[in-house]
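So that you can tell them apart, the chains are marked A, B and C in the order they are listed, and the count of residues begins at 1 in each.
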Amino acid sequence: MRVENQIENGTDSKKSNGLSRMVYLMAPFIGIGIMLILWFSASAANPQAFPNPSAVLLLLYDLLFHPLSGYTLLGHVAISLRRVCIALFFAMLVGIPLGILMGWSRLMRATVGTLFECIRPIPVLAWIPLMIMWFGIGEKAKIIMIFIGALMPIVVNSYTGIKLVSPLYLDVGRMFNASSQSKLLLKIVLPAALPTIFAGIRNATSMSLMVVLAAEMLAAKSGLGFMINRGMEAYNMTLVMSGMVAIGVTGAMLSILTNMIERRICPWNSHTKSE
Amino acid sequence: MEQPHKVRVKLEHISKSFKNNSKSPNHEVIRDVSFKVYDNEFLVLLGPGRCGKSVLLNIMAGLLTADWGSVSLDGEQIKGPNPQIGMVFQKTGLLPWLTVMENTEFGPKMRGIGKTERQKLAQHFLNLVGLDGYEKNYPYQLSGGMKQRVGIARAYSNEPKLLIMDEPFGALDAQTRYNMQNEILDIAKKEKRTIIFVTNNIEEALLLGDRIILFTSCPAQIKNIYEINLPKPRDSMQKEFLRLRREISDNTDLAL
Amino acid sequence: MKYSLISAATLIVFLVVWEALASHDLLVGKYTPSPLEVYDAFIFKLGNIGPDGALLSTNIIASLKISLLGFSLAVLIGVPLGLLMGWYGLFDRFVRPLFELVRPIPAVSWIPLMIVWIGVGLRAKATIIFMSSFIPCVLNSYTGIRQTNKVLVNVAKTYGASNFYTFLHVGVPSSIPLIFAGMRVALSNSWGTLVAAEMLAASAGLGYMISMARTFGRADVVVLGMVVIGGIGYIFTAIFSFVEKKVNKGGVV
């Protein structure tokens, strides 16, 4: 395709040809447009399985004002978010120092680190049955589950961040009177590791959303996962889709918020978008 | 040039090898190097790239220990990093999370010097390197040359007795490099210190050095010591300059 | 050397303490099996169908089948997609908005839809696994090819290579390290999502096994399941890291 040959590596977007420039600008909309068309036709053919997108949006709007099982849409969002935030807070409280210590001290790595590495391969969701047996299906159980899920990426990233600090910075520190262990750690290693630690927090946030969803789908009376579950039980696909959209939007918002916070705390980071 | 021939730094029989792994034999990097450094002189260590010079510098700075021999500054042996020695790194090594001012005042701050005093100190050197106005910028906003100037200001701000510069202009483009060479001459004239400067560029060595110690390639040994008595700033087209350059060039080992 | 010993010692101490606490009922909740009980459960499950209805080996194979299927699909579709998106700007513009829409939605929430669309069988679960592994594959391939050294690309161009040829022979090889990293994440994602999928809608597999064991109060089988799940996950990661190291030996000069 002639248009494709004019594009190099996706970075050179200077189009000399008017038509190709138009195509380039319209492309995103064309893509979404095609998908919407497919969706609408599928939903016309089988409304039970493929909820009409407009119906989904209408339902979402409706849920803003009319409670479902006691909570409006925003109520459910708030409940899910509350669980995530509490768990994230504790995960950061425990995980960041733990990861830092593990990255800094070989002894810690050999002791606590070994235990951690044994627990790590167990997927978060595999803890659910055990957690239910131990803590039932109350709030505490769910928050603990999310905590476990969020803890892993935070510890791993904090640990990696510390380990991967450039030796150059350590040399600089030693040459400029920051040679004591505590000074090196606080003034050089920690700031250098901050961006990686933030990446861990970002991972933990998306992991938390996933866990809260699973936990709510399995055993809850409120929250977005519960909403989806209700839809599933009642074969109300529109409700299910609404839940998914709500989660997607919530996740995106959380992600934006985390990025904003990171940019305030780490202004020196020319943030490249990679995961 | 008047030189009180007071010895500031003495290296005696420095040798250093690196073990690669248990299979290959030790990689000898420095073999029996001894020399003296005089008060306020600009000493250049010249040699082919990638062999021993940086290691020697790191030993002098206290970042590495020699297998054999000793280094002493004003009679005291150097066993570890020492605030009396300032270092300018080839890769600059500015801490990215600190502003220019915070980077420059880092040394004094770590020593516990009060805010007004250390900021005055840092400001003085930032002005000297021509970076006044950039105090609140972050390193990522600066060009290579500017970053290295901060590196120089930072080293000076720590009020060291000895300044070590490890190929500080090696990563800069030719134009910036010429500018920085003139600048460092200027700075060295205004703020007299004992300076040890490493480079692999003969012309740079001749432009800057009061004395040049020429090293062999791996393992590094002293090949020759040249005293350059030309007045500074030097003209690289001058007859004597070119003669010295030819002489040193003929004597230099080629790097592998 | 000393540290390996400390690691081993830590493990042993941990097991001993766990055994001691569990046998005296000093741990959380009533259902905490001791290591020995877990081992007994292991022996038991090797030959016994209860309480979930299948042998341990049957469950393992069922889980492996699905997760590897979903994972392979994700790699086969996701990696080329990511590479193409990263190379061809126009393609990127088409596909990206759709991708960004789907991305924030956790794989788990696709489960109900999948159940309705495809039912509860193998295909449904594989699709859910696919969704969770798909994203890291695409993302890493995309990032990998975007950081292709422009110098190499220009070298190819000066020798008259077409865009596609350069893509195939310069872009792709230099993205391999990141592709492998993405595949590693995808595999562990797939394994994790599998467990959830099995807990919600399955009749065999490790997730199903521990879910069922819970309803029967068999904490020992639950923990056994967790250990097996973790163990296999660990083996996956180990294999992958090994392959990665071999492939990365050449690297990009």
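Just so it is clear, contacts are C-beta pairs under 8 Å (C-beta built on N, C-alpha and C of every residue); 3 or more make two chains touch, one makes a residue touch a chain.
A quick note: this is a predicted structure, and the numbers were derived from the prediction, not measured.
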**Message:** Tell me the shape of the graph of touching chains, choosing from line, ring, star, complete and other.
**Reply:** line
**Asked** Where the centre of all protein Cα atoms falls, which chain's Cα centre is nearest to that point?
**Response** A
**Asked** Rounded to the nearest whole Å, what is the centre-to-centre distance of chain A and chain B, using the mean of the C-alpha atoms as each centre?
**Response** 47
**Request:** Report, in whole Å, the distance between the mean C-alpha point of chain B and the mean C-alpha point of chain C.
**Result:** 51
**Prompt:** Per the centroid of Cα atoms for each chain, what is the distance between chain A and chain C, given in Å?
**Reply:** 17
**Asked** Residues of chain C that touch two or more other chains: which are they?
**Response** none
**Contacting residues of chain A [partner chain B, same complex]** = 168-169, 171-172, 174-179, 183, 187-188, 191-192, 194, 266-270
**Message:** Give the list of chain C residues in touch with chain A in this complex.
**Reply:** 3-4, 6-7, 10-11, 14, 28-29, 31-32, 86-98, 101-102, 104-113, 115-117, 136, 139-140, 143, 146, 148, 150, 153, 162-163, 188, 191-193, 195-196, 199-200, 206-207, 210-211, 213-214, 217, 219, 222-223, 225-227, 229-231, 233-234, 237
**Prompt:** Taking the complex as given, what residues does chain A use to touch chain C?
**Reply:** 3-5, 7-13, 23-24, 27-28, 30-32, 35, 48-49, 106-107, 109-115, 118-119, 121-130, 132-135, 206, 209-210, 213-214, 217-218, 225, 228-229, 231-232, 235, 237, 240-241, 243-244, 247-252, 255, 274-275
**Prompt:** Which positions of chain B touch chain A when the two form their complex?
**Reply:** 58, 61-63, 80-81, 83, 85-87, 89, 91, 93, 95-98, 106-107, 110-111, 138-140, 154, 158
